[in-house]
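Note that chain A is present in both complexes that follow, paired respectively with chain B and with chain C.
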Partner chain A sequence: MATNGSVPTVTIRIQRFNPDADKKPYLQAFQVKAPPGKTILDALHEIKEEQDGSLTFRRSCRHAICGSCAMNVNGRHMLVCDAPLREHVDRHGVLTLRPLAYLPIIKDLVVDRTSFWEQYQRVKPWLIPPENIPEKEFRMSAEEVAALRDAEHCIMCGACYSSCQVIALTKQYIGPHALLKAFLRVLDPRDSAPAERLADLDRGDGVYRCHTIFNCIDACPKGLNPTEAIETLRKLVIKRGAFEAARAERQRRLDQPIEVVGEAPALSGGE
Partner chain B sequence: MAPSDVITHDVIVVGAGLAGTWAAMSAMEAGVRDVGVLSKLHPLRSHSGAAQGGIAAALNNVRPVAGTGPRGPLEQIPPDAEPIDSWELHMFDTIKGSDWLGDQDAIEIMVKDAIDIVYAYEHMGCVFSRTPDGRIAQRRFGGHSTPRANYAADWTGHVLLHTIHEQALKHGVKFYSEWFALDLIVEDRVCKGVVAMNIQTGAIIPMRAKAVMFGTGGYGRAWKITSNATANTGDGVAIAYNAGIPLMDMEFVQFHPTGLYRHGILMSEACRGEGGYLLNKAGERFMERYAPDKMELAPRDLVSRSEQREIDEGRGVEEDGQGIYLDLRHLGRDKIMERLPQVRDIALKFVGVDIIDGLCPIQPTAHYSMGGIPANADGQVIADAEGTPVIGLYAAGECACISVHGANRLGTNSLLDASVFGRRAGYAIAEFVKGGAALQPVEGDPAAPAQRRIAHLMSDPPGGKGESWAALARALKETMTVNAGIFRDEARLKTALADIRALQERFERARVMDRSRRFNTDVLGAIETENLLIFSEVIAVSALERTESRGAHARTDYPKRDDENWLRHTLAHKTPDGPALSYKGVTIDWEKYPPQERKY
Partner chain C sequence: MYRSTGFIAFVLRRLTGVALVIYLLLHMWVIGGINSGAETFNDRMEFLGKPFFRLLEIGLLAAVVYHGVDGIRLLIGHYFQVTEYRRGLFYAVIVVSGILVIAGGVPILLFALEG
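Moving on, here comes the complex of A and B:
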């Protein structure tokens, strides 16, 4: 890193491409200061505002919850809004940014996620509730909620999708993000169509396409584990008849209080 | 205009956060067949997804353990026990929080609907946290006298947004993802559609509809330090104002006490709820001086003002003295890891502090916009103090002012506001459309002004050197922070106004570097900056006129609330000479909820 006083200057190489003007993508280097606390997204903003207004990327929330800013940093897919700049430059003070892999490029770091969203829609991400809706809430146990935690927390950034070797080969594959969503619905005691959902996943481009390479786990900025969810789904696909019967049984008690065995877990005291 | 260039729907919703998506879904549910929603972000990227704490409703699932005090543990309410909460109590807390500027009829609707809408989310598959017996879990929140924040861990907004988006897809709502609204087509108080840009292609397209609904969110980006997403540039309010719709109560902007130092990113209220301290340079828990009883748990406006006073009087921390320390060390590793894992992560990543053994620098952060597009409780936009409706135009959520939050919003009431009034707007729109509303003829080419604006931004600047919109935005944020921030007075607000007008003038010379049509975020940045400049002027003028202190509007030269003169809403109307103000009465039930002193 070149230093200027105590604040180093680093080089960010960014893959540029405007399909209307450029024959093919190319790398362009920019120099920025790298004080502590500066994120890669801060650097992108600075370049756009002060050096090249045509540099194009997506972002919004700035704290890893909206899923806009996933991209490829030095070969790894991650969110750049909470990625400290300094931690990602190599010993020569260089960092390389490219768009998410395996997706058509719209412009620079912005990709076309159409196939990603189509697969999300294909798994019918919405709940299919039972016929009888209680006046108040459906009752769910702490364990039932905990089982959904990972799937519910997914921010649909696409980091896993673009790291998946199967997606690299075929966009017919549902993909880790949509399978995680399918898992959310299948495992939710309130969902009435788990067998139908599992049948839909029981296909060449469904749960069996996952080669268990674990790239999705490494890529997930939220530390989620799509591979494990896919493995669970695989098991359930086989036993879906029994699973559906158990679900029907569970749904008969959905308006009944959960009985707690042993000591009840503490509730959060503060705000 | 070639007919093929126009897009037509029965209903067009601008914004795909909670408010817009509820409206679209409910209109479909109520029998409208053709609803299009446009959003400048993919719908699931909307800022509603960033909300952490919870959504308020008096469900009576949880109560404080008897005799343990305001910070004690909570337990589920046994099935046969007396309820502790009610919509009436929720209503009173909200009115008091609003410093009596909230309209009490609208508040009543909101707190009553709250219960139903939270159950509706649950029935649609939202994964809430639970009590041991399986009910929705609730926590405490500032300004609420009972634990009534219904939550899903600390990503409540995220799960609500995903749930409602899924439902909208199920109902067949058509989404235009990454389309940017530029103008409203309103003639003689009749709304006829919008003009929008398809961001991916750069095409500017008139969109006609029988009804248009705005759910475009808040506008915290006018300040240097803000918890708001980069998308929160108040486009909707600026577009409405340009189209001749007044803006209401724009002077009321909430500053949250714990934004991460320099970044503004929210450090949840949970930090103080769990027992965190606020310290100044000398290591004093300075809240002793300002709220000896509630200390750090006093309401947001009061805590933010106390922090700012410490900073202004030279007792701030960090090199520029603009920070305050949040001290969580005494909570211990276990509690921090269990209750505040996200907060710890944020502090580690952004300021390199581990809150387990380090002091985390924070500062007040612009957080929530109480004011906005005036609308009645059916979301119908109104044109004046008499409540004359603009036919076919609706608004809800943070861009609207219904007004349920008055001068200061309580935490967890805004996810509620966006949901309840989004849904009501959807139903009202359905009635309007099914009642025979027709597409209105549009004169001329409604897209022409937007085309001109963009061509202008892409043209060569006179004399070769244009202004940078980013530099203008920075200058605006600076003056808004210093002169129209937490503390205001006549001199400062006049400075702000002069600065804003000078920046508006300079904006005429703003040009973009990116001259391409495809996904041009340089152009969008410029337009967003122009929007910031438009509504910031309204904020400064409205704040300058309001010579009192109420809720989030704190005038050091008028430190008292003045009900005799100022128990009324500000309406700002666009004129060639800048905003002209008129005033609208507050709806108050004088028997039940007469104004009182707001003490905590």
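Moving on, here comes the complex of A and C:
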């Protein structure tokens, strides 16, 4: 990092690609100041406003919850709105920004997520409620909620999807994001069609296409574990008949109070 | 390209898998020589008895050992919740494979050098 007064200046190399003008992507270097607390997204804004207005990237909430700004920083996927600039420059004071891997580039850092959303639709990501919906509320035990905690925190940023080498090989694979969502719905006591969902996953391009590379865990900015969810789904796929029967039994008492034995387990932690 | 220990393991597993299929074809070609008579079989065995092929057997051993040990790592991953230790497991596979390949490779090497 070169210092200019007290505030150091860092070099950000950004992968640029304009489909109308460029044959293939190239890296372009920009110099920005790096005061403490400045995020990579702040730097991108600065470059766009002051140095090159044609720089294109996605962002929305700036609070690490919308998932729009997932990008590749020095080879690792992360949400750039949540990533302090100074922490991510390498020892040469350089930071390299690329779009999410294995997806078609629309322009600069913006990728085409069509296949991502198509696969997501495949798992029917909505809840299929039982016929006898309780008048007041669904009652779930703390353990049942805790089991879903991991999957519930997914923000659909696409980091796991675009770090998966199976996705690099075939876009037919359903993908870790969709399988994590399937896990969320299958294990939800309120869902009434777990066997149907599991049957849809029991295919060559479903749960069995995962090669257990663990990249989805490495890439997830929320610290979730899609691989473990896939392993759980693999086991449930085999015994889906018994699982559905247990679910039907469970749903008979969805409106009844849960018997709490001892204290409810804490739901925090993990991040 | 998203690099990680899991990615390296995946690539090595695929490469060794393809190598083993190629070896299997070669193996069938040699054993199948017996159909054309003892002479053909002996010719093919003699061809593969050259020092180069004997040294290549160390590579075959490495491919078999890595592919097998990595398979055990995957089985552990399927049956137990060990995603937290994913990097350690990969390094363990490399160490165990390395020890086995050295233990088996040295005798093969000595045998090849004896000619």
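Assume the second predicted complex is superposed on the first by the 262 of 271 C-alpha atoms of A that agree within 3 Å, B and C clash if a C-alpha of one lies under 4 Å from a C-alpha of the other, contacts with A are read in each partner's own complex, and residues count from 1 in each chain.
What we mean here is this: contacts are C-beta pairs under 8 Å (C-beta built on N, C-alpha and C of every residue); 3 or more make two chains touch, one makes a residue touch a chain.
Small disclaimer: the values here were computed from a predicted structure and weren't measured.
Undergrad: Contacts for A:D22 in the overlay, against chain B (first) and chain C (second): which applies, first, second, both or neither?
TA: In the superposition, A:D22 contacts neither chain B nor chain C.
Undergrad: When the two structures are overlaid on chain A, which partner does A:H153 contact: first (chain B), second (chain C), both, or neither?
TA: Touch status of A:H153: first partner only.
Undergrad: After superposing on the shared chain, does chain C or chain B touch more chain A residues?
TA: Touching more of chain A: B.
Undergrad: Check the residue A:E118 against both partner chains and state whether it touches chain B (first), chain C (second), both, or neither.
TA: neither
Undergrad: May I ask you to decide whether A:D90 touches chain B, chain C, both, or neither, giving the answer as first, second, both or neither?
TA: Touch partners of A:D90: none, neither chain B nor chain C.
Undergrad: For A:I106, decide between first (touching chain B), second (touching chain C), both and neither.
TA: After superposing on A, A:I106 lies in contact with chain B but is clear of chain C.
Undergrad: Just checking: does A:H63 make contact with chain B only, chain C only, both, or neither of them? Give me first, second, both or neither.
TA: A:H63 contacts chain B only, not chain C.
Undergrad: Who does A:G75 touch here: chain B (first), chain C (second), both, or neither?
TA: Touch status of A:G75: second partner only.
Undergrad: Which residues would you name on chain A as touching chain B in one complex and chain C in the other?
TA: none
Undergrad: Using the touch definition up top, name the residues of chain A that touch chain B in the complex.
TA: Those in contact with chain B are residues 18-21, 36-37, 39, 48-50, 52-54, 56-63, 65-68, 82-84, 106-107, 110, 113, 121, 124-127, 129, 133, 135-142, 145, 148-149, 152-153, 155-156, 184-185, 188, 190-191, 257-260, 264-271.
Undergrad: Where on chain C does chain A make contact in their complex?
TA: 1-7, 9-10, 74, 77-78, 81, 83, 86
Undergrad: So in the complex, the part of chain B that touches chain A is made up of which residues?
TA: Within the complex, chain B touches chain A at residues 41-42, 44-47, 49-50, 53, 59, 62, 71-76, 79, 119, 122-125, 127-137, 139-142, 149, 152-153, 155, 158-159, 162-163, 166-167, 169-170, 200, 229-231, 262-263, 265-266, 268-270, 272-275, 339, 346, 349-352, 411, 468, 470-471, 512-522, 525.
Undergrad: For chain A, which residues count as touching chain C in their complex?
TA: Of all residues in chain A, those touching chain C are 72, 75, 77, 101-102, 162-165, 211-215, 217-219, 225, 227-228, 231, 234.
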